[in-house]
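Several structures are given next for inspection.
After this come two complexes, each holding chain A, first together with chain B and then together with chain C.
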Partner chain A sequence: MSGARNLWDNRLRADFRAALAVVALLAFVPLFVSSPYWLGVLIVSIYFALLSLGWNLLAGFTGQFSLAPAAFAMLGAYATGLLNYHLKAPLAIGIPAAIAGTALLGWLLGRIVLRLKGPYLALTTLSFAEIARVIIGNSYEFTRGDQGLNVPTLMQSRVGYYYLFLAVLLATLVALYFLMRARAGRFWLAIRDDATGAESRGIDVVRYKTLAFALSCAICGLAGSLYGTFSQLVSPELGLLLQTGLVISMVVIGGIGTLTGPVIGALLVYLSSEWLRSVGNIQLIVFSIVVIVFARFMRTGLWGLTR
Partner chain B sequence: MSLLKAEGLTKHFGGVAAVDGLSLHVEDGEILGLIGPNGSGKTTALNLLSGFLAAERGTVWLEGEDVSGMTTVALARRGMLRMFQMTRVFPRISAYDNLLTAGLARGLAKRESEARAAALLEELTLSAVQYLDAGQLSGGQRKLLEFGMCFIAPPRLALLDEPFAAVHPVMRETMARFIRRRNEKGHAFLVVSHDMPIVVELCHRTACMNAGKLIAMGPTREVLKDPAVIEAYLGSGAHA
Partner chain C sequence: MLALDLFVNGLIFGLFYALMAVGLAMIFGVLKVVNFAHGEFYMVGAYTYVLCAMKLGVPPWVALPLAAVAGAALGWVVERLLMRPLYAGYSSWSIMKDEYAVVVTFGLSLLLVNLVDKIVGPYPYRGPSLIETSRFALGPVMLNGQKLIAAAISIGLLAGLAIFIKRSLWGRQIQAVAQNRLGASLAGIDATRTTSLIFAISGLLAALAGALLAPLINPSPDVGAFPAIKSYVIVVLGGMGSIWGAMIAALLLGVLESFFAVYVSYDYRDAFGLLILILVLIFRPQGLIGEKGREV
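Showing the complex of A and B:
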């Protein structure tokens, strides 16, 4: 693509408008879909869209390949659940605490992995994710372990939950749009493209990488916390590597480094995954093949095809 | 007081002294050339001066302030910017966005950065390719773009590592003209180069390194006639 359309502000604006159009379309879905089962599937799709946007901030915009988005969703869900279970904290405290707690943990993890790149960064975040999952699974006295932890619900209405998730998705997209338009967004792109070059221009790479880690983890923590209140039960399975694999598939298929890509990727992959469930438990095989095809032939994903 | 002064800079890689007790200075408004055969330690010296590497020994002062051990970011904020031998632009955003980002990184407001980016693209003859991703530009265009990124907020001192290497003569002249113009406005440069005609034409003084040590420093033409410099470049007996 050439011409002024290729300028970052213009690319981002077009991308944001498309993402808003997807959200607007989703807002009409409950008018046509009344099945609680399919509304539930759509809510989980939006949960994955949030995780995908969180992971994409780190991997797509900042170039930091983490394998811990699902782990941070699990930690967000447990933060809310445990605060209620042990301290009877209401969700009005539990949800913000999940966001703040995962942001802080993300910031710490960001500081630890600051100098790591490529496979080393991926392996370190994978280790963190697995350690967090195993600790939660084995701390029966504190977390109820593999039996799972009950979390209070925000509301009984499934349609209400659908619109709550959609509103959070919209707010996340708006926040990411303004961040990516601002100084921070441009610095993240610079770090993604060439961290040494960014440093030589005067960009504080340490500060902006850790900021990206903290924000990405906070988005995942918020998604996990809301998911916990929706499902009313959280278990260590929420943090399985398999879940992170799904998130990566969604972003790669939808279009990495964009706002619209992760959203359409999450919707397509999760809805197809539900459809494939009826064919047989072959989702992972299918998505792995699709990811290989996209990584090889369509690196910009589905959204990239429109550029 | 010198703009930049280094004394006794030393750095080893393994058992080899890449830079061995290097002392040099750059005066305000001066272009200092840094020459030497391959492997003489020029790029390591630049890495030490610009904070990319930590020196084992030695001190660096910028405008009288001891900046030894400071990070690259802190030095960039004090106006000492570095250009690399292998260009370091941001390949997946447009040439215009590269300049804009560099301006924001130097603390300019967005509007100011936009205005300066447009003017620099014109001056560097890059207007026709401003909307292309930097990764799509030719090697020479990338070097020009990196010049622009250095100068979007004028640095006190620009450290340029082989800016003329593998560049088309027309672009090389554009770069040389750019350096001359900026120097006339009072900007100082430390230029590492193997291109002797350009070094003679541009540099007020030149320093020559060999095997990590400074072997000569002075007015450019005198340094190029120095027997130690000739020997370092051409081998013993060359000046006989």
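Showing the complex of A and C:
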């Protein structure tokens, strides 16, 4: 028993160290990259790394395969945008409100889908995501629909934004590491591996499943909110199903159920997609093939190859 | 008499939905997974029909069966290459089975949409009609020839499928494998071949739906997204895996949507079906006419 426990502890620690190493490497990047374009690309890839970590908490650690991460990013971005547009709320209120709002919505959705699993869960979260997008896209008076909303920015400097995103990524990784080491993380893994077994050993499955939902959605909401202030425009396109598809691909390619996997997956996929775009707009074709091949033949992803 | 017009047109759309949803229901019935690339079977059918008719000069009545063949071939290949791990002796995969299916079919959907976008181009095509007529009024109901013929073919296909499943040997094998895969193989049924057959049939039906609708919808690479989402709603509404449930639910959704779009809100008509999906999954996960006691 304690042997297995140590094995997981060691694995998690090695995983966390590798993730920290990736973040440390990223911290030096602005010394060499000064082009605002490539800094922007890196910022967006860190945004996707946050979404991937959020989705991985649900799908990889808790075994709840949601199809709504991009929708929660969109909701977070709109929470900040709408508060500013209608109430002139400053970002110091708007961003925390986005986190709280998406956490609450995620908690509610988690309660609703509590008894659903597998394909049923996928379909329900997919419907939730599409409904949210259709409503935001069609409420012209309230959200300006497909035109999108303008959002004020936190700062003008790209390098500043880069370090802000990197700091948030670091904070998320640290928080996830300590959660996964603590009781909550072990309970999540137990629920993922065998929900009935976990319940029979006295784990409050309802509570921990909804907690995972709320946390995961809050991470996505925060990422979306920050992304909105960075691009200074939020639109329903943030919540497209394609974006969710990208997040899933990143996690599957990087390695599901790990901390490093989603981060390197997001960086690799997004950076190479920028490169493939210049080669001839074939990025989505390449990814979908890579994702299928990984899912079919290398189920542990890139990070899993290192073990 | 607007109501009658809405009813008939809703029913016709329900028939097209049924062609899509029945295949999805059959796949779910046998493998217990949702095929997220189902809309792309539809898209491939629409494109095969349009491109054969326009680029190769094949007459529409020949292009239609060609689209069916393309859909069946695609379904078969997908099953052969990607679905085997779900049942063929990969015991350690059982934990992440649902997740594998979602990732792979999602990836496949992305792949097919972007391949077509790259090869054929992102612009919508307008397919040739099977029959050239302008819109005409049948009493209070506005119709056009293509819609009527497509509806007639759909009725024929659905009836044919119903007889095939109920009466033929292969159809009964499909029922047996859906009920109990292990039991069916013990009784000497080749469950692997049956699964291939199911994917071929569902690919064929979805492709035919796409081909029949091609003159009405102007196919573009992402044209499969909405019919796919409709079929998820229908399959849930009819009870996941139930073929008869899917047929009835498809007609019901077609009519309901047609009324909803006019009397409630046109903009939100697509959200309406999804709301039904969520409500059914929460309150009646066995579907409107499904049996009780299915594990969710």
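Criterion: the second predicted complex is superposed on the first by the 301 of 307 C-alpha atoms of A that agree within 3 Å, B and C clash if a C-alpha of one lies under 4 Å from a C-alpha of the other, contacts with A are read in each partner's own complex, and residues count from 1 in each chain.
Operating definition for what follows: a contact is a pair of C-beta atoms (placed from the backbone, for glycine too) under 8 Å apart; a residue touches a chain by one contact, two chains touch by 3 or more.
Being a predicted model, the structure only gives us computed values, none of them experimental.
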item: Combined model on chain A where chain B meets chain C, clash or fit; value: fit
item: Partner chain in contact with A:N138 - chain B first, chain C second, else both or neither; value: second
item: Chain B versus chain C as contact partner of A:A59, first or second or both or neither; value: second
item: Which of chain B and chain C A:A295 touches, first, second, both or neither; value: second
item: Which superposed partner A:I285 touches (first chain B, second chain C, both, neither); value: second
item: First, second, both or neither for A:S35, with chain B first and chain C second; value: neither
item: Degrees between the directions from chain A toward chain B and toward chain C, using C-alpha centres, nearest 10; value: 80
item: Chain A: partner with more touched residues, chain B or chain C; value: C
item: Partner chain in contact with A:D193 - chain B first, chain C second, else both or neither; value: both
item: Smallest distance from any CA atom of chain C to any CA atom of chain B, in Å, after fitting; value: 8
item: Residues of chain A that lie at the interface with chain B and also at the interface with chain C; value: 193
item: Touching residues (chain side chain A, partner chain B) in the complex; value: 2-8, 183, 186-187, 189-190, 192-194, 196-205, 257
item: Interface residues, chain C side, partner chain A - complex; value: 28, 32-34, 82, 85, 95-104, 106-111, 113-115, 118, 225, 229, 232-233, 236, 240, 267-268, 270-271, 274-275, 277-278, 281-282, 285, 296
item: Chain A-facing residues of chain B, complex; value: 50, 52, 71-73, 76-77, 81-82, 84, 88-94, 96-97, 100-102, 104-107, 131-133, 149
item: Residue ranges of chain A touching chain C (in the complex, touch as defined); value: 59, 65, 67, 112, 115-120, 122-124, 126-128, 130-131, 134-135, 138, 193, 241-242, 245, 248-249, 252, 256, 281-282, 284-285, 287-289, 291-292, 295-296, 299
